[in-house]
Amino acid sequence: MNIGAVFDLLLCLLILVVAVGAVGGRLLFTNVSLFVVFGLLLALGWVRLDAVDVALAEAAIGAGLTGVLLLGAVARLENTGSGPVRLSPIPALLCLTIAVGIGGAFLRVNDAGPRLEPMVRANLGEAGVDNPVTAVLLNFRSYDTLLEAVVLLIALVGVWSLTRDACWRQTPGIRQHARPDGILANFGRLLAPFGLIVGIYLVWAGSEAPGGAFQGGTVLAAAWLLAVMAGLAMPPTTADTRLRWVLVAGPLLFLLAGIYGMTQGAFLGWPPGMAATLILAIEFGLALSIAATLALLVLGAPRRVS
Amino acid sequence: MSIFTLTGAALVGIGMYGMITSRHLLRQILAFNIIGSGIFLLLGALGRNGESDPVPHALIITGIVVALSATALAVMLALRLHEDTGDTTLPNGHDGDG
Amino acid sequence: MAEFHYFAALAILASTAISLWRTLKGPTRADRMMGTLLVGTGGVAILVLLFLIHGQSGVLDVALLLALLAAFAAVGFVKSVSPDGAGDPEEEG
Amino acid sequence: MMAAYASAVLIALGLIFFLAGTLGLLRFPDAHSRLHALTKADNLGLGFIVAGAAVQAGDVWTVLKLLLIWILALIASTTVAQLIARSAAPRNIGGEGGGG
């Protein structure tokens, strides 16, 4: 057994232990802490699986945004009784059976089956980008990505629809505050511009290297949320027209490019000469909208401090 | 890379167990996310005997982002329930059983 | 050389795993946070080593992203300890 | 060859600091001294590992990125340590479990 395999083994064991702690731990705060660690370890796992694009998304979303979203919820739900998790044999047996079944089934098909990788490689020359994952997301399977951007918007509509009438037209979430010129505020001043640069870099890099609109957009969302949490920026109200344009800009641009593609042959089909330009424009539009949508999803519906 | 396949399968099991046994909504949301991660891992580790395959990777990235939006919606529903009723669990199923 | 890098990555992974004990045992929230934060720094270090092993520059981008998002999550941790979940430990009252 | 040895020595030093940090986190008696041990150890540990990677780097861009990672971690851990120290100050120490 070589040492690389030992590393993978320990990593996988840790992932499992942390997952057990995240669902089984007694305190909510510990559950969520372990869930953040879980996301971080998964990102390492994706690097080991040669999926650097996925590792970027997991590190940004799993360990970053989801963590902050859940921590905010813990702060509000903490005082409620939650009862210890007990080991019940029947569900445990059931879940064990399912896990063994799935594991067995996947191990059987692991070496067989047609793979799409050769097809992607054969057509990468016409895709307009060199990163095969970006080529799949924004060219070969751009339907999925367009619909996903719409799903994000629908989720935000769902979150906003939970607003009380009295709170509508206020800023999303509860009011964030920090001591002006305190440590936190200065931290935000230092880190937010840094996040902006890293976010734009990731969107830009996505054409030829791991990265893209989702990863870059998530970092942009984190940078903006950091400024909000440090008390430096005030989120716009839910009724703000400019904000709504930012939210729909990406999907709208995507749709318009798709219709332009239709005049040239097929809906969402990019003419080979135009592909690089169109994809880059869509990437930046999407990154902006994704950043705004994700940040607002994390902030939640406008609420009053009780 | 079969070890990652096994880990994915185990995560699905752990998540399902958490989903069934814990009543607290936030823990159920965590469990739901762990099931999702397990499925992503199964998909990502599938058929890895040569070049890594960009198609499942693209699907997984899409999935991670959608999981976040679903999580955000679920968290906000739980918070609203808590604001309105003070509860952090759903009402018991067999109360209104008919 | 790759063997040595693997060994180093393995050692850091093991040491961060042990530090998770603090996340589990506390006793204060601050202790739990510290355990988690050490795993964050350890994760960045492991990614730097994995960059040396795999030789892909993208892995270094993951390390950069993780360092940034770990700082962001740390702010989330600190804020969640304040009374309304949106404050700053430096504020009075 | 020199670079490879230098790199190995630096990484080994980094390892020692990470292990020391973990030890401090587990063994030190109270939150504040644990915090002290932790920030020193993980800053230096990551610093040495980054340095070990940098001496092997082929281009300036990589070195720059490595440096950026370390500076970022340094700023973050210093700031967060102060904030955690505040939140662990006596008036907040009862923040365990359902309290607060």
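Letters A, B, C and D mark the chains in the order given here, with residues in each chain numbered from 1 onward.
In the analysis below, a contact is a pair of C-beta atoms (placed from the backbone, for glycine too) under 8 Å apart; a residue touches a chain by one contact, two chains touch by 3 or more.
In this text, all values refer to a predicted model and were calculated from it rather than measured experimentally.
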item	value
Pair sharing more residue contacts (C-beta pairs) when C-D is set against A-D	C-D
Approximate Å spacing (C-alpha centroids) for the pair subunit C, subunit D	9
Euclidean distance of C-alpha centroids - subunit A vs subunit D, Å	26
Distance between the centres, which are taken as Cα means, of subunit B and subunit A, whole angstrom	14
Distance from subunit C to subunit B - Cα centre to Cα centre, in angstrom	23
Residues of subunit A touching at least two other chains	48, 50, 53, 74, 76, 183-184, 187, 191, 194, 215
Residue list for subunit D, restricted to those that touch at least two other chains	72, 75-76, 79, 83, 100
Contacts with two or more other chains, residues of subunit C listed in rising order	29, 33, 35, 57, 61, 64, 68, 70-71, 75, 78, 81-82, 88-90
Complete list of chain pairs which touch one another	A-B, A-C, A-D, C-D
For the subunit A and subunit C complex, residues of the former touching the latter	3-4, 6-7, 10-11, 14, 17-18, 21, 25, 29-30, 33-34, 36-37, 40-41, 43-44, 47-48, 50, 52-53, 55-56, 59-60, 63-64, 67-68, 71-72, 74-76, 173-179, 182-185, 187-188, 191, 194-195, 198, 202, 205, 209-211, 215, 219, 222, 225-226, 229-231, 305
Sites on subunit C touched by subunit D in the complex	1, 4-5, 8, 11-12, 15-16, 18-19, 21-22, 26-31, 33-35, 37-38, 41-42, 44-45, 48-49, 51-52, 57, 60-61, 63-64, 67-68, 70-71, 74-75, 78, 81-83, 88-90
Interface residues, subunit A side, partner subunit D - complex	27, 78-79, 81, 183-184, 186-187, 190-191, 194
Of all residues in subunit D, those that touch subunit C in their complex	4, 8, 11-12, 14-15, 18-19, 21-22, 25-26, 31, 34-35, 38, 42-43, 45-46, 49-50, 53, 56, 62, 65-66, 68-69, 72-73, 75-77, 79-80, 83-89, 92-93, 95-96, 100
In the complex with subunit A, residue positions of subunit B that touch it	1-18, 20-24, 26-27, 29-31, 33-34, 37, 40-42, 44-55, 57-62, 64-73, 75-80, 82-83, 86-88
